[in-house]
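Following this line, the structures themselves.
Here come two complexes built around subunit A, the first alongside subunit B, the second alongside subunit C.
Coming up: the complex of A and B.
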């Protein structure tokens, strides 16, 4: 592998990692703060992509698609939380997995009823359809945009969680729910907001994934599995952990696929997860004390 | 006990021949209707139903009962469905199966029970060769034939170095093996990716560095959309042409690929611009009924229903006379949307394969445009392994 290819593959790895981070950030917050395993996170990813594709097809504007689809996904997430999932915070993880798995099937069928079974088109925004030169490598500009958006989101999340009052409540809720509640934090509202914010991030991930992958029913499931791996490796509830684990997985997966035989290449991240959990059972950056 | 009941029932039917007219032909339609590939089952069923409608909703003058079931793309589920359809629904024909691994799981029990299998899609090599069976018919294609056709085309057109890509599962390996059987040139790289992979940036970077003359790929469903979009975005679409079997770039995925697919080449037995009368009627009726352009999957399914009708007409509607029905199928004559079609001795098709290119149609939608005949009367490579047992 020469140096140009090395740079290109590193960019690919980082870009994949950042894309995973957009998915994993919401998942890890919801899991860490509400102790809820939310498998419908993949469905929110799909909803974001489908709404954006529909807006894009009608208006031709990618910006408008973003402006409509992100709040729409947040709303869908808030509805899901208020109508169904709120009742499952105090139930066991098995019940949560069952109900959210059931919801995946329901949401998939709903999307199939609205948009049909044929994958829908979603083009690149014209402004970002070319390539840019990065360190001598001609790299697709939309992938670079994903990288930039992901890093901005990561910094913004870090700032909100670490340096604002809401972030303080969120951290308080994550480390000790009962105590936070006793100290006067409106836990119910915080939960709703966190869930909606997580949904918005999943929607954003779906929108950014739309132009480079198939917008079809069930598109959220494969990425959900990777996001769960990221969440577990990073430490449940930790934004920093999710970010570092995402990049780690993106890079390891990219080079594993290229350098290892196919069967091993597709297993490498799961082997890495097993190895990390053997030494750090609570992930790289555990949140709960 | 059960066999005795069936025997008694068939004796009754034999005695009162007239009962045939009212008794429906029972068809079990097992296909994938849910999950990421759930679209394929619907595409096949839509084509099959339209084919039935085109012959008046009856087969050989008898009413039809189609029992539909979802195999969820899982061989074990398919097997359970087939057992149930044979034992409690008493279906006479099983069709619809889209995945070869599901077909391999259900074929033996179905054939052992005496029912017919008429495949409108799955074409595993085993049943074209050593396991060929008097009651097993495949009217669509044997899996290897389209990649073989593309291998012939690229070899004959002086393409030297080809890069191969497919998912790491049995059909992926079969398709690349079929291609290599006829291509015989240099293989610049042969890459198998995880089934269901989302991101191909790493593989595409390796591909670009290998500088091949052409890429032959087999990625059905969403994988193909991911790959073709990302390939175009990497700026390779017009530098290194994409070639594949029709499944890689047909109407089940073209709407999702959009412009990224335009310019690619496929080998196919049928494309939506076929000029024969049956095909023109089929594409027009399909678009009117379902609001989309049909794919070769739907075309094969449409043909399947019409073929059953023709065979049952030829055997006087008596599907209960299995030997007669088998004979009628073997020499069946029907107006295929594919034009030239007949069964080989191994009950698999002999048909023409074409090169088609993805272009934009009059409405700006990506669609296949037939360019040239690659091979007339193409048979599969397994027919010589088949020793067809006498009719039962």
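Coming up: the complex of A and C.
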């Protein structure tokens, strides 16, 4: 492997990593704070991509697609929480898995009814359809934009959770719901907002994945599995863990596919997960205890 | 050690009528009638559906051992099911294509490949169980889900055995040298395998091992305090469960003479969990009833509308919300309960 390929694949790995982080952040917050396993997170990724593709096809504006699709996904997430998932915070994990599993089938079918079973094409924004020179490598500028947006969002998220009053409420609700409630925090509203914010991030990831992979029914499920792996390796509920694990998975998966034989390359991140959990069963950055 | 020593007052369903051998015998006899019914109504399609029901019943029973009795939510079982299928497929493949790894000759003899499938999946299941069982709760669910996808992508990447398109079994499958793929005899064989699985599991559940397993789902700390290491029991249950799931997968591959990764995705694992919950967790015949209901509903709904998954997903949600004890509870209310000592 020469140095140019090394740089290119490193960029690809980091880009996959930040995209995974956008997915994993919502997943790990919802799990860490509300103790809810939300398998519909991949569906929100898909909804973001489909809404963006539809707006783009009608208006031709990628910015407009972004501005419409992110709030739309947040709204879809909020609806999901308020109508169904809110009732499942106190049920067992088995019930949560089953109900979100049922919801995946329902949402997939609804999307298929609206947009059809054929993949919807999504064009690159003209401004970002070229390539830029990074350390001597000609790299697609859209992929670079994903990388930049992902890093900015990750930093902003970290700032909000760690250094703002809302972040403090979120952390309070996470560590002791009853106590936070008694101290005057509207936990129910915080939960709804966290869920909506997680949905918005998943939607954003979906919108950015749209032009480089196909926008189709079921597109959220492979990335959901990867995001779950990230969440587990990072430690459930840990934003920092999710960020580090995302980059790790992104890079290892990308290089695994390039350097190893296909059967091994497709398994490498799962083997890495097994190895990490064998030594640290609660992930790299366990949140509670 | 008696059951009450370790606090099994609320042990799942031990002693219900459907827990007894009578229920197993009745279910087996009922299933044996299907070919007669198919011949009488001139509808050979029935046997195909019934074979599927029986095979998935075995897989759901395997899952129920760890999920219903051990309290372990495993999303790995479709992967194990698939490994069992691929053992049959790969063994048959090497009959014409040269020895496996240059050493093992291929075979289509079910008396060899079915036990082999069980050993391979039992070992794979134990290996993954060692890692997954170190964790607990939600971590366990997500790790088993990830392991399932690992197996899924592994077989997709195996181009030699068809990759994403799956592996066609062209070699004739035999049982003790006799052709074994005729539909009706093969169906009877599957029913026999189901009956043996049911009897074996019943003995296992009622044994000291089963008592400890059920106790581990209820109060692990108490077991440890009594000097019983729960991990060993859970791991053993996981290995047995994997072996049975492998048997089911092997029978499925033999019946279709085809195996593909599409039967191994995590969605199929979710289906198996739904079958268990639908029929009744921690009961002997619940998974059989669940598998039958699930598969028949799938056929009926898909014949009724192309958007059947909408209704199907809604049905799953309703089952979770409303039907806490599973369908077998409904039967339980119809038939008077008889206590089995």
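Here, the second predicted complex is superposed on the first by the 288 of 289 C-alpha atoms of A that agree within 3 Å, B and C clash if a C-alpha of one lies under 4 Å from a C-alpha of the other, contacts with A are read in each partner's own complex, and residues count from 1 in each chain.
In the analysis below, a residue touches a chain if its C-beta (ideal position, glycine included) is under 8 Å from a C-beta of that chain, and two chains touch if they have at least 3 such contacts.
Source: prediction; values computed, not measured.
A.B. asks: Since both structures carry subunit A, what do subunit B and subunit C do when superposed there: clash or fit?
C.D. replies: clash
A.B. asks: Would you check which partner chain A:142 touches, where first means subunit B only, second means subunit C only, and both and neither mean what they say?
C.D. replies: first
A.B. asks: Determine, under the contact definition given at the top, whether A:231 touches first (subunit B), second (subunit C), both, or neither.
C.D. replies: Second partner only, subunit C.
A.B. asks: Between subunit B (first) and subunit C (second), which does A:119 come into contact with in this model arrangement: first, second, both, or neither?
C.D. replies: first
A.B. asks: After lining up the shared chain so the two structures overlap, which partner does A:93 touch, if you call subunit B first and subunit C second: first, second, both or neither?
C.D. replies: Only subunit C; A:93 stays clear of subunit B.
A.B. asks: Based on the superposed arrangement, let me know which partner A:103 touches: subunit B (first), subunit C (second), both, or neither?
C.D. replies: In the superposed model, A:103 contacts subunit C only, not subunit B.
A.B. asks: Between subunit B (first) and subunit C (second), which does A:266 come into contact with in this model arrangement: first, second, both, or neither?
C.D. replies: Touch partners of A:266: subunit B and subunit C.
A.B. asks: Should A:240 be classified as contacting the first partner (subunit B), the second (subunit C), both, or neither?
C.D. replies: Neither partner.
A.B. asks: Just one of 2-10, 38-46 or 74-82 in subunit C runs into subunit B once the structures are overlaid; which is it?
C.D. replies: 38-46
A.B. asks: Quick check on my understanding: which residues of subunit A belong to both its subunit B contact set and its subunit C contact set?
C.D. replies: In subunit A, residues 112, 221, 262-263, 265-266 are touched by subunit B and also by subunit C.
A.B. asks: Mind pulling up the subunit B residues that touch subunit A in the complex?
C.D. replies: Checking each residue of subunit B against subunit A gives 35-36, 38-39, 42, 168, 191-194, 196-199, 201-203, 205-206, 209, 221-223, 225-226, 229-230, 233-235, 251-253, 255-259, 292.
A.B. asks: Spell out the part of subunit A that touches subunit C in their complex, as residue ranges.
C.D. replies: By the definition above, subunit A touches subunit C via 31, 35, 37, 84, 87, 93-95, 97-99, 101-110, 112-113, 221, 225, 228-229, 231-232, 236, 262-263, 265-267, 270-271, 273-274, 277-278, 281-283.
A.B. asks: For subunit A, which residues are in contact with subunit B within the complex?
C.D. replies: Against subunit B, the touching part of subunit A is residues 2, 5, 8-9, 12-13, 15-16, 19, 112, 117-124, 129, 131, 138, 140, 142-143, 209, 211-219, 221-223, 254-255, 257-258, 262-263, 265-266.
A.B. asks: In the complex, go through subunit C and note every residue touching subunit A.
C.D. replies: Contacts found on subunit C: 67, 73, 75, 128, 131, 134-135, 137-139, 141-143, 145-147, 149-150, 153-154, 156-159, 266-267, 270, 273-274, 277, 307, 309-310, 312-317, 319-321.
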